[in-house]
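Read from first to last, the chains carry the letters A, B, C and D; within each, the first residue is number 1.
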Amino acid sequence: MASPLLSVRDLTTVIRTEGIEFEVVRGVSFDMYPNEILGLVGESGCGKTMTALSVMGLIPAPAARIAGGTVLFGDRDLVSLSERDMREVRGDDISMIFQDPLTSLDPMFRIGHLLTEVIRRHRPVSRSQAEAMALQALAEVELPDPETRMSQYPHQLSGGMRQRVMIAMALMLDPDILIADEPTTALDVTVQAQILDRLLGQQRRRGMSMLLITHDLGVVAAVADRVAVMYSGEIVEQAPVTQLFSDPQHPYTQGLLRAVPQTRHQRGALHTIPGRVPPPQFVPPGCPFSPRCSQALARCWEEHPDLVPENGRRLRCFNPQPLTPA
Amino acid sequence: MTASTPESYLSEWDRRLLEFEESRHISVFRRGMRNLVRNRLLLSGVILGLLVVGAGVLGPVIAGGDYELINFSNIHAAPFSEDALLGTDHLGRDTATRLFVAIRVSLAVAVGVTGLALVAGLAIGTVAGFRGGWTDRSLSGVMDFIWGFPLILVAVLFAGGLGEGLLSVILAVGLVNMAAIARVVRGEVLSLSEREFIEAARAGGLSNWRIIRKHLLPNILAPALVLASYYVAVAIIAEAALSFIGLGAQPPLPSLGQMVAEGRNFLQLNHWETTVPGLALVAMVLSVSLIGDGLRDVFDPRLRHEAKGLES
Amino acid sequence: MKENSPEIQSILEEYQQRKLSRRQFLKKVGAAGVGATAAAALLASCGSDEPAATTAAPATTAAPATTAAPATTAAPATTAAPETAMGPSRGGTLREGYNRDVSKHDPITTNWYDPAFFAIYEAIVTVSPDGDFVPQYCTDFSVSGDGLEYRFTVEDRQSHSGNAITAADVAEFYRIQKFSFIASLASPISHYEVDGNQVVAKMNNAWVGTLGPLATGYWRIANINTWKDVGGYDDETGLAGESVVASVYGTEVVDATGPFKHTEWVPGSHSYVERWDDYPGSNVPYFENKGTAHLDAIRWTVITEAGQRATQLENGDIDTLLNPAHQDLARLQENPDLTVYQHAEWSGYFMFMNREHFPELFGDVETRRGLSHAVDREGMAQALLFGNGAATYGPFPTTDRYYDPAVEQHNNYDVAEANRLLDAAGWSMGSDGVRERDGVPLQFEFMVENESLQTAIATAAAAQFSQVGAQADVNVVDRAVWFERAGGPEVPAGLFMWLWPIPIDVLTLFCASYTVPSPNWSHANEPRIDQAIADWQSAGTEEAAAKAQSDFQLAWAETLPNMSFINQNSTFVKNNRVHGWSPHVWLLYPYYNDTWIEA
Amino acid sequence: MRYLAGRTVYMLIILAISSVAVFYAIRLSGGDATAARLPASATEADRETLREVLGLNDPIYQQYFTYMGRLLSGDLGNSLTNNALISKMVIEHGRNSIILGAAAFLLVFLVGVPLGMLASVRRNTFTDQGIMSLSVAGMAVPNFWLALLSIWLFASVLGWLPSAGCCEPKQLILPAIVLAAEGTALTVRMTRSAMLENLDSDWVRTLRAGGLSEARVIGKHVFRNALIPIISLAGLRIGQIVGYALIVEVIFGWPGLGQVLVNAVLRRDYPVAQFFSLVLVVMVVLGNWFADLGYLAANPRLRKI
């Protein structure tokens, strides 16, 4: 396999609230390779977005900070990069698409302005050249009537159109890595597929590496090459997509899969995982999943399992059991 | 290794989790108390407020003395001189005795004004915002109009109709504050009316009164109280300002604004006659503002970060 | 410091022993050949206890009634001015602070007059620092032997507009002036006639008071033709006619014969006059400068905030000041750069007591006198005026030439006497400390205008009434409300302040039976007082006048149509750079003919 | 545009109602208007004559129509106290008021907005706490008291600035600062909270993800968004400044509209009081109207293209 574009090792991010520090991302490690989609899945609040923001250096300071670990991009460690150098990377080498297109564009400026501002930040081009680039980027994501859109304000565009603008913005400078944080969650179902399609098309065409954050396992199954499952700030299982879906090992992964509504099994109650994700301030001492785990051993409550690599898979569990049909 | 079963462990964990969650979503009152203790400025506001209220309520009783009593042989005395703790004024009257009564007057006016303004403002604002249409337009028009009117003119009108004095001041300031509160309440009601639960209540065929009582008022009360605390401060300052120009309390009954006004000609002789009542005024307003900020901190999480800057 | 010559040394000693004023000292050492800088150094060496310049202008003390001319000694600023070698210099703008708003500059229709009247206008006669009437507009005047005719010789003059004023115009001015609201103060004057270049005032009866009103602001001579042109006068409606009510005379247009021209007038802010270069000169014998004014201009700044007047003078924002706050006076007197003049002001504060509508309270003289004895007037003058004023037991200020000290046996501070009189009047002390008679409590509203000193006086008086069981509830109201209610059926008592250079003329209005209900707000109807007033207005001799005025004062003090409290000094302060600015006791304001400012 | 037209009509209606309200307000407050004009020595008959000529004995509604008729024909009349032409007074005193008001208004925003931005950027630091404490204090100090203290300190004790008067620049300093104090304090808070609200928004993250510098994100984008509530606050500020100016002008002897109005009301100088209060109401209403305009101009969401 080629050498990774981005190599995250033991990334730990803490947040300080009301005087108490707690970890929201705990020792996360993963690699990203060119022309590959890495899916990052997990319930809300499990630290997916925080992981992505930590990579981007966009965690909200001063409340949050990266407490340890490295993010190697080429030969540079993004964690120790100065803010100024990091800004060069953001939007150019690594870009990001956010979850809610309705609130993620500055409402006071025209679309064209927002796009050209980023282009001119990174490229020494004239205003008209930048406008041409922006226009092309909008055309590439198949935004209808891009010339008009350029002179419109975000509130004049629909959610799907705004997400296309976001994608255009993220891709227009040909980044090496694209982080897409739940890019379709806030959109209508009919639009979701279109957007995903555009995104994938662009990714394949450009040979980018993409980190796709989602809680939609269906999407992951359809597009990702590899999948990492996060729970309570940690990666609990990571495997190539087919392996993960055909043979999930971690009880949490299994729970997630079982929770997906299966069209084949129309009848019968939906499976749910009991309990909730523990708040980051209050993580159980042993395996964080132990309170919700049906196969937890006494050891699971006391000891914290490591992420153990094993034939292309990484797993954090003392007592993996084969998936039993629901 | 412990031998607890997974089930008991799970329930034990759930219990602890629940406790933790509860600790984060405790009652407004308990959260207020927690904030009170945690937020030093709010705490100092409350302490300052208690001091001021104490001075106004108990001061005259404890200190005694006749606030009218003049003494030509001991005028313009500085604080801590002879037997005048806070000095004397231009007629030789004891400043401390007068200050306590003045604080009491200010408190009475502030409570009267705000009570009046809050009740009327809530009623008008709710009706305007809820009914909409012409009711709203006419009521809002009147409120905008009153609110934009220079306070001194309103005060002079009342002074003319009812005679100069505290009653006129209470009505004048109350009217203007009522308009201000009604405007904000109307805005709140309008934005609430668009929310799902009100729509649902309407769709469910609930009577207007019931919707207002069960759904609107509980949601408006908190912002209205925060607002009211702000208008207590406004009322205190307005009363002082009107007394300063002679429309408020009539001599010999002291009020803070009037004491400042009487002392202002003697600043170079004995500035305490101006600074002491002025400081009392600042203390009153400061305590109310700090408490208001704290209340907003509790009631209005949207604006929490604003108050956070003052947290330590 | 080098040795001083024996001559200088002796002058220095004299100065230190306060035999010499600072000014005299400078003059003497100057004569001994010491330069100004060296003299200043000498002065500085005398230490900080150098006599304040204000010693040159002692406060006027109560003049004994027997002395016709009061013992007031206004600072001899005009005589002192030439001590500097340079003499008067021309130019500059005098910035004068003023404690009231600027009045409309129309003598006929204004309701008070301000210092600009003394710069813009001339009266037919004026008063010298000695208290004598001397010519101002006229070149000469005489009284007929029977006292029934006053003749003023006037030359044809130009006014500021360039138009002529003849004797006939002056007479016409006086004719219209007789319709003004203040004209009754000269009621013994029947009418005016013209005889060649003489204006003749015909009297109803011989009256020694004739010249008094003529020297005041309201009788200052305007160009009546201009006056009629811009405002007009309607014989039917008199001075309340619409044309006069909307007149721009005194606001936009002023036309007179004084040394300065009305230039800018912004009520609430300032008024501004500029030198009239065509001024033909003054006839006033005591003016040193008979020609055009030294000053380029004068600006009066309205400073109604009492506490700020002194500050502005001290900071150099103004050059001269009329009436600093009493509490600032001591500080100003200590300032070596300033000179302070104090005279008893022709004013006083009294309380009216409405007998018509509240006979149960004020109908009997015992009650009025009982209340009056409860008031510590000396204490009031000390505390409220900082000694810059005096107690008044009768109607007149103590400086007046007709002041009768006999009034001082009445109304003195005597709480026992107060209680005795109130007991005698049938008021018995109630359990709440308020007296009662026939079920009526001795309690009344005491209305006072919204002004700091008046409010303080009323509050102090009320507090003292309460010591003898009378409760006066002070009610502070706007001036307009005061006048609406005073004398009416709702108001038992109120405080009033009068200001007028001839006390007898104005004070009679407040107690004469024919001025009920306004301005005799007490509804007083005392035959003794009416008689004294009639006597005064027909007094043809000095003796008769003195007698009438004594009678009036005693009748007031004994029957108390109104209760007098105190009167304040009028105080003038100047920066020592200003010369020839010499207010004196007989006029409300100084003249500016001689005034100049060191360059 | 319809919004704008609606606001304009609304403004005119408010003005019409105001003229009636002001007229009645001042008349109903009692007081003898002739006291302003006549000396104390005037008799009751004199006073009655004047009342007749001034039309003060007519029914109030009739006086109102007479007055409005004159007003609309451009005749503002003159002061009862001293015959001053009201048209001239409005120009003279209005100019002074505008100078003072504009100075205070500029201070409020030129000082308040940057301080609020600084506090928001340095959120929860010592700087922030210092600025916010000052702003709390600024709102708690009544301006008349602040006026007295500043005169005492800067004019009497230190002698640095003139205590009062008009209209040199140095005479403007103290009254402008005093008049601006409370508004500045409020603007600081408002700016800070508006900035913070926007700083926490999603689109700021987008801009940062695009690699824009903090200076650009905050100085351009966040500020532009925070400006909307600040602009609508500006309208209220105008009203507040007009109201507070009444007392500040009196204390500092600044001959503006407020000072004249207070005096005219106290003396029942009807023509002056009426017209000047109308002018003040117009200023307040216009202020709000301009704020509406600014709000409209600054907020693309309200613009129709």
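As a convention for this text, a residue touches a chain if its C-beta (ideal position, glycine included) is under 8 Å from a C-beta of that chain, and two chains touch if they have at least 3 such contacts.
Because the structure is a prediction, the values reported are computed rather than measured.
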Common touching chains of chain C and chain B: D
Suppose every chain is reduced to the average of its Cα atoms; which one is closest to the average of all protein Cα atoms? D
From chain D, the most remote chain by mean C-alpha position: A
With contacts defined as at the top, give the pair, B-D or A-D, that has more of them. B-D
Rounded to the nearest whole Å, what is the centre-to-centre distance of chain B and chain D, using the mean of the C-alpha atoms as each centre? 23
The distance between the C-alpha centres of chain A and chain D, rounded to whole Å, is 53
Starting from the mean Cα coordinates of chain C and chain D, work out the distance between those two points in Å. 39
Using mean CA coordinates as chain centres, what's the gap between chain A and chain C in Å? 90
Could you list the positions in chain B whose residues touch two or more of the other chains? 160, 264, 267-268
Chain C: positions in contact with at least two other chains: 305, 307, 311, 450, 481
Considering only the defined contacts, which chain A positions touch chain D in the complex? 53, 56, 58, 60, 62, 83, 87-92, 95-96, 98, 100, 103-109, 114, 117-118, 121-122, 152-153, 155-156, 166, 169-170
How about chain D: which of its residues touch chain C in the complex? 30-44, 46-47, 49-50, 52-54, 77-79, 81-85, 88-89, 92-93, 96, 151, 155-156, 159, 162-166, 250-251, 253, 255, 259-260, 263, 265-268
Report the residues of chain D in contact with chain B in the complex, numbered from low to high. 10, 13-14, 17-18, 21-22, 25-26, 28-31, 119, 123-124, 128-129, 132-133, 136-137, 139-145, 148-149, 151-152, 156, 189, 192-193, 196-197, 200, 239, 242-243, 246-247, 250, 261-262, 265, 277, 280-281, 284-285, 288
Report the residues of chain D in contact with chain A in the complex, numbered from low to high. 124, 200-214, 216, 221, 224-225, 299-301, 305
Chain D touches which residues of chain B in the complex? 41, 141, 144-145, 148-154, 156-157, 159-161, 233, 237, 240-241, 244-245, 257, 260, 264, 267-268, 271, 274-275, 278, 281-282, 285-286, 289-290, 293, 303, 305-306, 308-312
